[in-house]
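Across the two complexes that follow, chain A remains constant while its partner is chain B and subsequently chain C.
Let's look at the complex of A and B:
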């Protein structure tokens, strides 16, 4: 009797615990588990799929919501499986199969929030599929350490022979701590400041990218630029975090020690200043209003405006209660996001340099160490990242993605992008890429950036003063990474 | 001889029964017992999501109990749940009184029941998105209406203040769950023998007396069930604050960061699976203790 009672209680306990362990609906949220950065990937994905995908064959969605596309002949002799984050590789697979009738490729697109967990499960289960896996820069260090990627410097790949054909920074991100090539990308993602040429002409008397770039040369100048624009009735940015691709001048972690350089503190100061001095439109990046501002006016509602009264609204519009946003900070793929949202303002945008050199995202492709089709995988990888024909095709199909293969970049140097007033964007982004310092990337970046952002939010909204917000940031870092030394 | 055969036949029958429950037992072992045991094992290791876990025994638990952010997350969770349960049960009770009153004779109970339950059928992602849009500081409809109608002088940053953001989450949770509680309480009330109410009416008991002396005491088992399930669910709160308040950070200033969001941060954002498992078990222990206390307290009052 007693034993029965105990076992019944144990069972009941196990049931309660299984509820706890599952956590309130984690899978429900994966769909929306994208904070700012992953959202960016998503946007990029959508922007490029819009491009003609005749090649991408039948597509279906599996039970977990992953998109699966199968390209090529059903009874092909060879089969390749790709697990990726963005839709781009689906198109590359379609293109590859057109030229290789004896190959069939299955491309599975997995949401960024789920990707590391899924790959990890496959690798730990020692599955031969997928043959090709990818990673974004912030995930790569962990994936290299775990040994997921094949060494591409060895025979028969000899990836090092291609080193001088790729943009330096993008090539280096594909290397592990020992300098061994593990992954290669097809795109570069340096950031630029996207600005309204018409507003620039009105307020600053010029819309020349060189000149406008000077207005964003450093944080202090940005403050002055913000003031000038405010006086003229414009907002310099939609959200105050637009300069986040250029925040910080050194790595977050140096020799196991947390490193908060002066530049990060200045960046914090800039965000708070822009917010508290009414220079932004107070919207979050990737929100609906943030997109709307790319196409022109957005309303600014304040205490005195009765939104239900047409006359008052019209009055408010006249008195400057709608506003326009001057600039956005975005990486290369931002050109596609903007293109899809600028509407009538097509041709009125321009791109100039920011306060330093920054970049965001990028898909790095490698071969799974457990793949049984390594030769075929290498052929696909080479064709996708190191082949002039494929990349020329990609430049065309993606309508403006910036490739990392130097010969093709050179070829398109003089291409003019009409959405951006005929600016030569390939040339611009190549120059930006030359300044990028990859030694700053660490696996701690994303969580630390998030915590620093939290401190900035606390200060700008007045819930904490600067000193306690920074001290709280140090506490968070100590709690999250006990292995790091924090010097206050 | 006969005597020997009979018990054997009985035995065989019992064995067949085991085959019938086998599918459940297997599913239960694989999907409930294994993860639970595995999580317990991982909580004693430094597992980082890949490689071979090293045993660190109680290090993770020591870290959990020393971590002020864990306690802050627990405090946040309890605070949100506390406001939520008062609103949720209060509203459900009020509606139960109205709908169960013999004198009011409210018609269309089934329609109301469905209407009240409706918020619970909407996916949490949709609810979060809906409210985030409605409550937007500068562009949200709620502020436009409040300011436009003169009820407020300037727009409130609902999700930007450490006071209002947890409140918003609590109110939304209450809105989602009061229909559920209402159905439970209503079922409980309908299960009470009508004779009690009639006898009370004959004795001249007022509405309040009937409610306090008959309805509430007889509803106790249902109340216990509702509060315990709500406590277990409430302490595991994740989706709404996660989706509305900037992911695992719990903006502003971590005021809406719940325990499960904190767990998620370690398990899925920084790959400290061992530590995350320890948080899961710490939460389990807390829920267990609170449930037992609640059970004891409710039963004590009955005596």
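Let's look at the complex of A and C:
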């Protein structure tokens, strides 16, 4: 009896659930309809009304494209399976299917942290699915070594023929240690210094990107710039780690040996200096206040105030002291992050070059070595990364992603971005990309950078002196990567 | 007077504890109604206005209820299998005397201590060779053998199962399976219910193994679907949607818990033998 009772109640529970499911289903349409209203009522000026409605319309179409896991005709003869870690490829897949009615594409989006595990398992099981796999720069070397990617230099692909149409650094990241093309990207991600034009005008008398770039030319100049801004009542950065895209001019690992050169130590000095001399807002990148500072004034807080603590923040605000942040260091996709957060300061920002050349992130697409649809996969890959029409479409849809295909970059060279005072960002980022040296990328970069960052935090907050923090860093490296030689 | 003060203090302390327990839940629900940048920008207990937006974002990425259905397809059979077979094993190990019983118990205890992630790759290879990738079977069937539940129920059997009752049943000519179904299962039900809650929550929240084994988005269980929100380019906007998805996905667990906890309390008082 009891067992029957249990199952009866479980069934009842399931029924209740499916009922709520249906209820939710009907709500969906009404709620979707509602979403447009706030977008229309919030707007103030005519110009923004236009922008907003345009954005809303585009969002709608995007949304439709995103939802469908399988793009294209369900009965289509040819089927391509993509495993990716960002939603971009879903949109590309939808676009591809529009032009190729005989193809359906299934796009599986997997959280970046678990992506390598998922691909590794499938490759171990020698599965013919997926046809297309992707990687971020820090994952690629491991994936090349494991032989997951098809050699794109061989017949019938002949990827090397396209080499001069792509931005050099992005092309090189797609090559394995032997220089064989394994993956191709559609975007470049060089970093730039995003700065406040109005503050620059007030403090330095100019807001010209060339001139401001000189203020960030090297670490010592940044220290002086920070001092000038501090004297004028501003903070140079929100977090002291803003220059991390330009940290270090050499590889972390050279010939199996850990390489900590003077430049790394200088970067460490810079972070500690900025922090200890009260030139930052004492917040972490990507935290609440860090975002707020993009839109203007933030309360002055000292090193001990937790920005996550409401009461402490309220107290800091009550003191009436506010400050403004001058600059951020972000890669190309930072333009979109800023755009969504600058609010009234839209148009007051500018972008200039940093102390050297750096980049962050990027999605590289390749064909799985085990795929059975390699020809179709190559056609998709080619149309996504090496086709002017697709990439022009992408520039529009993504609202400003910087593509890696040179002909399209040339076309958009004179596009002005109004959020950044009409600066020609495509031209700027292309110039930045030309300076990037890919020879210093290793598979150890991300974890080593993180460990080095922890050492910097320990020093700047005074929990460790420089010597023991660095020696602690060496210990961490030695125990994590026994294959590396560490010379202290 | 003194007891009154004591009681007041006790209640204040308990209320505080209760609030501490509720706040994360409340925050989750409140954050489900706020936009991504609001969540990043400040901490608040006042609900926002973005519930509809979040819902729109969420449903633009996937069909949440499909994920729920998929999760239920995995979690319910898995929980039932765990409950039934673990109880059976535990009962046999307590009541029957056979060679190697102790050894078997030792093996079970040892297996309890091996974390599931350790055998992940081997499990994947096995599943590939059985051609069961992208199917729910490898997610459901292994729950027949759950050492932790067997271990718990064995201890439970030893304390609550009255041997005279079983002997009486046997004398009346009941078959062994009949005894198990009609007498043992009802007596064990509080213990089984307790373990079932855990098993259901575990299966419902299971992430790594479904992630590795399921390939087509149509078959993704809820946690795998929700995690894919993290991989979008516009992570900030998705924060609210993630909270909303999590808040909704908790509902079945609440239902399971409400149902099972009532069952536990009801059954603890109703024993098999009046003493």
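By definition in this document, the second predicted complex is superposed on the first by the 400 of 488 C-alpha atoms of A that agree within 3 Å, B and C clash if a C-alpha of one lies under 4 Å from a C-alpha of the other, contacts with A are read in each partner's own complex, and residues count from 1 in each chain.
By our rule, a contact is a pair of C-beta atoms (placed from the backbone, for glycine too) under 8 Å apart; a residue touches a chain by one contact, two chains touch by 3 or more.
Only a predicted model underlies this, so the values are computations on that prediction, with no experimental measurement involved.
S.K.: Once the structures are superposed on A, label A:220 by its partner contacts, choosing first (chain B), second (chain C), both or neither.
M.R.: Neither partner.
S.K.: For A:372 in the superposed arrangement: first (chain B), second (chain C), both or neither?
M.R.: In the superposition, A:372 touches no partner, neither chain B nor chain C.
S.K.: Quick one: classify A:161 as touching chain B (first), chain C (second), both or neither.
M.R.: neither
S.K.: Considering only the touch criterion stated at the top, classify A:341 as touching first (chain B), second (chain C), both, or neither.
M.R.: So A:341 only meets chain C here.
S.K.: State whether A:450 touches chain B only (first), chain C only (second), both chains, or neither.
M.R.: first
S.K.: Classify the contacts of A:465 with the two partner chains as first (chain B alone), second (chain C alone), both, or neither.
M.R.: In the superposition, A:465 touches no partner, neither chain B nor chain C.
S.K.: Would you sort A:117 into first (chain B), second (chain C), both or neither based on which partner it touches?
M.R.: After superposing on A, A:117 lies in contact with both chain B and chain C.
S.K.: Please work out whether A:129 is in contact with chain B alone, chain C alone, both, or neither, and reply first, second, both or neither.
M.R.: A:129 sits against chain C, while chain B stays out of touch.
S.K.: In the superposed arrangement, what residues of chain A touch both chain B and chain C?
M.R.: Comparing the two interfaces on chain A, one with chain B and one with chain C, the shared residues are 13-14, 16-18, 20-21, 24-25, 28, 31-32, 35, 113, 117, 124, 287-288, 308.
S.K.: Sort out for me which residues of chain A touch chain B in the complex.
M.R.: Counting only chain A, the residues touching chain B are 13-26, 28-29, 31-33, 35, 113, 116-117, 120, 123-124, 142, 146, 281-283, 287-289, 298-303, 305-309, 446-447, 450-451, 453-454, 457-458, 461, 463-464, 472, 475-476, 479-482.
S.K.: Using the touch definition up top, name the residues of chain C that touch chain A in the complex.
M.R.: Spelled out, the residues of chain C in touch with chain A are 37, 40-43, 49, 51-53, 55-57, 59-65, 68-69, 72, 76, 80, 120-121, 124-125, 128, 133, 181, 185-186, 189, 208, 211-212, 215-218, 227-228, 230-234, 236-237, 248, 251-252, 255-256, 259, 263.
S.K.: Contact residues on chain B for chain A in the complex?
M.R.: 31-33, 35-36, 39, 49-51, 63, 67-69, 123-125, 128-129, 133, 136-139, 143-144, 147-149, 153-155, 157, 160-162, 232-233, 236-239, 242-243, 246-249, 251-254, 260, 263-266, 268-271, 280, 283-284, 287-288, 291
S.K.: Residues of chain A touching chain C in their complex?
M.R.: My answer: residues 1-3, 6-7, 9-10, 13-14, 16-18, 20-21, 24-25, 27-28, 31-32, 34-35, 38, 62-64, 66-67, 69-70, 81, 84-88, 106-115, 117-118, 121-122, 124-127, 129-130, 286-288, 291-292, 308, 310, 333, 336-337, 340-341.
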